[in-house]
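Some structures to go through are shown next.
Two complexes, one shared chain (chain A), two partners (chain B, chain C).
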Partner chain A sequence: MKILLLSLLRLGDILNHRELARNLKIQYPGCEIHFLIYRQFQSVEKLLPEVNKWIYLDRKEIQSILVERSESPLKAYQKITGLMKTVSGQQYDLILNATHNRLSVRLMDLLQANEKRGVAFEKGQKANDQNHWQTYLNENFSEVRGSRFHYLEVLQKSLEISFRLPKQAEKRAPHLILIQLLTSDRKKNWGLKKFFALKKKLEAEFPNDRILGICSPQEKAEVEKVFTWNEFLTPNLEEAAQLLKEARLLITGDTSIQHLAAHQGCPVVSLFLGSADPVKTAPWQLGAWVIQGQAECAPCSHSQACHQASHLCADSLSVETVFSLVDGILKEKEICISKSKIFRTSQQQNSFSLVPLNESFPSALEQTVWSVYLNGSRISQDDIQHLRAQETQVKKIWRENERFKLALEDYQKGQIELSQIEAWFPFWKDSFTRLKRDLRGWVELQELNSIRTEILKALMVEREFSQNGNTRSKSEKHFAQA
Partner chain B sequence: METQDQNLKNILLRLEKITEEVVKTQGYTTETETLKMLLELAREQVTNENSGS
Partner chain C sequence: MQKENKVEIIQLENGLKVPTFEGLYFCSRKNPLKEAESWILINEKILKEPGPLAILGLGAGFHLQLLKDRPETFVIELRPELIAAWTQFDSHFPIKLLSEPNEWQGKVIDFRPAWNGLESEYAELFENLRGLSRKALMRNAEAQDLWILAEALKRTDLPDALELTVKEITSLFPLENQTEEARIWRTLREFVA
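So, the complex of A and B:
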């Protein structure tokens, strides 16, 4: 079987798409996988051993031809038709579009295969979505909209690739801590001076580790303004992969190196700033840490520059905060940071999830409800069972909330109404208000209410309730005291 | 930079016109789709026209 995957995005996306190649190899044993990428990212070849053949689109060259007055646009046209000829000659059984832009959907229209999956045009018109996951991907990943699932999970499910959760971050002995100093997008940068201060603090606290900055060779001149030559390295991709095999931690922004680190099992602490959305693009690794800058405008649009007078989200993350987080992780002690949003990547049943460190908001609940709907159009008894099974994680979070526990007990005894629970616990109500808004067109309100009732019942069933003869509910007393 | 941007806008206009004419005379063909791909590649470079992200 011959499969072509269109990966016409940036370097980090191509590295992420390695996961698709891995899972395709398992799903279709013996298959041959080809990747179509922009030629400018050719250096990624050796990092994806699962890919049998690379085909390149000379994007930069075509664009130069279009811009040059002396060049005929016909030459650019011929470049595209030449590529079509190369691809047609391969006679693919399956073509997958892992790219969501207009260029790729037009390309999908021109390419021939026995089967095509992913967003595409058919004879110049947008083809129907093949499943709900694809619609979800189109609606939530093409602009500034939140998602409840990681990009790789939605992408794989939309392309009907066997989904597997990522591996756990490896625990490594003291030796080397790497700091990726810049990203390719200014909005996502924390600042070289802050990284310099962090490096000094880490050196003082962890004398058995070598603390090294890294950046791409093109970024060297900028980094040299703050760091001396022996404080950072400029590895190529292969060398960076080797370093990440050995390092016990990588501190980085949302850039390609974080995805490379995840491949190598290197634990990651990622600083999510600017347009970086942790739910969508956190490191594809269980046990990774993400700290998010706080600003009303974040996460912002990917394709626009920061419009604020100062870099608000980066300013909100202090050196002390990032140091406290790293210190807590490396010393395996409790992390007490209240001013920033910190997440840890983990598994919630069959989904990849970000668990907030200092919030008890049950995002797992929303993820579960969405999964039920995206996996099938109508809710069934099986879905309800599945939902109940998945609620274990939600219960775990809520169990820690004493007030909520008391309210549930009272509800079960008939001492308070459901509406009272909603009034006391806005997270419960807000969660469903948001779901109602986001699920428009996906699900009837009546069905949503039935899910809510089912979840609540599931929560009740396994709870042991104390029997006391008080006429006033415990939760009412609790609130009266508060 | 301004000249390049203007040049790109001119290219875009030319390509759009050609594509429109081919669609008018021939309907949907692989040629029109190829031209539209070129349009996308040209658009990527014009400020605020990038569809690639």
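So, the complex of A and C:
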């Protein structure tokens, strides 16, 4: 079987798509996997051993022909027909579009295969979504909109690739701690001076580790303004992968290097600033840590520059805070940070999840409801609108009523019946009545009951985490006051 | 002063020897070196891009001298007399001349001082080689069997010399046109969206 995967995004996305290649190899034993990528990312080749063949699209050259207009546009036309010829010559059984943009959907319309999956045009018209996950991907990953699931989970389920949770971060002995100093997007940067101060503190606290900054060769001049030549390296991708194989920890922003680290089993602490949304693009690894900058405007739009007078979300993360987190992780001690949003990547039911360390909010609940919903067989825009309204209501309930959580705890202990919860808290019953109404016609009552059970289970998981984390005192204090 | 094939080699006030043909100069009379440097500066971006490049106009060759280390650089000159006299120019060094300019497929750049006296011939060739004008596109589309584009270009009342963008080409195809040709142009449009 021959499969072509369109990966026409940036470097980090191509690295992420390795997960798809891995799972496809398991799903279709003996299959041959080819990737279509932009030629400018050719250096990624050796990092994805699962890919049997690489096909390149000369985006920059085509853009140069069409924008600078020093050559006939017919030359650009020939480039596309050349690509079509290459693809048809391969006689693919399956083409998967792992790219979510208009160029890729138009290419999907031109490329030939026995079967195509993913967002596509057919004869110039947008093809129907193949499943609910694809609708969800279209709705939540095209613009600034939150998601309850990681990009890779939604992508794999939308492409009907056998989904597997990522591996756990490896525990490694003191040796090397790496700091990725810059990101490709200015508004995602924490600041070189802050990283410098962090490096000095880590050096003092962890004398058995070598603390090294890393950046791409193109970023060297900028980094040299703050760091001396022996304090950082400029590895190429292959060299970076080798370093990450040995490093005890990577501290980074939302970069492609964090995904490379996840491949290598290197534990990651990611600083999510600007447009970086941790639920969507956290490192694909269980046990990774994410700390998110706090600002009214975060996460902001991907395509726009920061419009604030100062970089608010970056300013909200102090060197002390990041140091405390790293110190707690490396010394395996309790992490007591109250001013920042900190998450740990983990498994929740059969989903990849970000568990908040110091804030109780119903991410598990939201994920569960959506997961059950999206795994169904039909969906309409109205359904999505209803469920979104429903979810807002549940979120409000959860935030406003701490007593509800404690009643659930009693239910878990077997001290009360579910019917009692519903009697005490009519809003809970009401919300389910609404849910039943919204979903009538496409889910059976039995399934609704199973959704309810799943939600309760999810709430329990959250509560269990809460007991193990540092938030217990907060909820108990609230209960005592109530 | 020497005479050969009607080309005269003239010594300028600054001492440089440049060619003339029937009284026409093909570079600045005052400072051809500065002229060449300015031309390089104006066209810096395209000149720095790797890949084959044809330069339309030999002139006195000073602009080519500044590019002698650039690989895959070719020259198109429409006056055979000027080519024959090339070894007598002060800027002389080995150059790669294109004998079949109409078949050139790569990028092309104009050195207009060298067009003196043959402006319309050079302009037509330049337009053809760039292939951006409606007329050139139509002819090239026909040559490449892109009949739907050729027909669409024929039907428009746009001037022959108008250079079309990919956006304008795409707009020639109504939405109901779902031929492969039309869909490829719509795909190309996404590269500049």
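In this text, the second predicted complex is superposed on the first by the 375 of 482 C-alpha atoms of A that agree within 3 Å, B and C clash if a C-alpha of one lies under 4 Å from a C-alpha of the other, contacts with A are read in each partner's own complex, and residues count from 1 in each chain.
Please note the rule applied: a residue touches a chain if its C-beta (ideal position, glycine included) is under 8 Å from a C-beta of that chain, and two chains touch if they have at least 3 such contacts.
Keep in mind the model is a prediction, meaning the values are calculated, not measured.
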Putting chain B and chain C onto chain A via the overlay, clash or fit?
-> clash
Mind working out whether A:L74 is in touch with chain B, chain C, both or neither, as first, second, both or neither?
-> second
Is A:G124 touching the first partner chain B, the second partner chain C, both, or neither of them?
-> both
Which of chain B and chain C A:E417 touches, first, second, both or neither | neither
Does chain B (first) or chain C (second) touch A:R106, or do both, or does neither?
-> both
Looking at the overlay, does A:E239 come into contact with chain B only (first), chain C only (second), both, or neither?
-> neither
State whether A:L66 touches chain B only (first), chain C only (second), both chains, or neither.
-> both
Clash with chain B, by chain C stretch, listed 1-9, 19-27, 91-99 or 181-189 = 181-189
Which parts of chain A are in contact with chain B and also with chain C?
-> 59, 62-63, 66-67, 69, 73, 76-77, 80-81, 101-103, 106-107, 109-110, 121, 123-124
Touch list for chain B against partner chain A, complex | 4, 7-8, 11, 14-15, 28, 30, 32-38, 40-42, 44-45, 50-53
Residues on chain A engaged by chain C in the complex (per definition of touch) = 59, 62-64, 66-78, 80-81, 101-103, 106-107, 109-110, 121, 123-124
Using the touch rule from the top, collect the residues of chain C that touch chain A in their complex.
-> 45-46, 49, 105-109, 130-132, 136-137, 140-141, 144, 146, 163-166, 169, 175, 178, 180, 182-188, 190-193
Which residues of chain A touch chain B in the complex?
-> 8-9, 59, 62-63, 66-67, 69, 73, 76-77, 80-81, 84, 101-103, 106-107, 109-110, 121, 123-124, 302-303
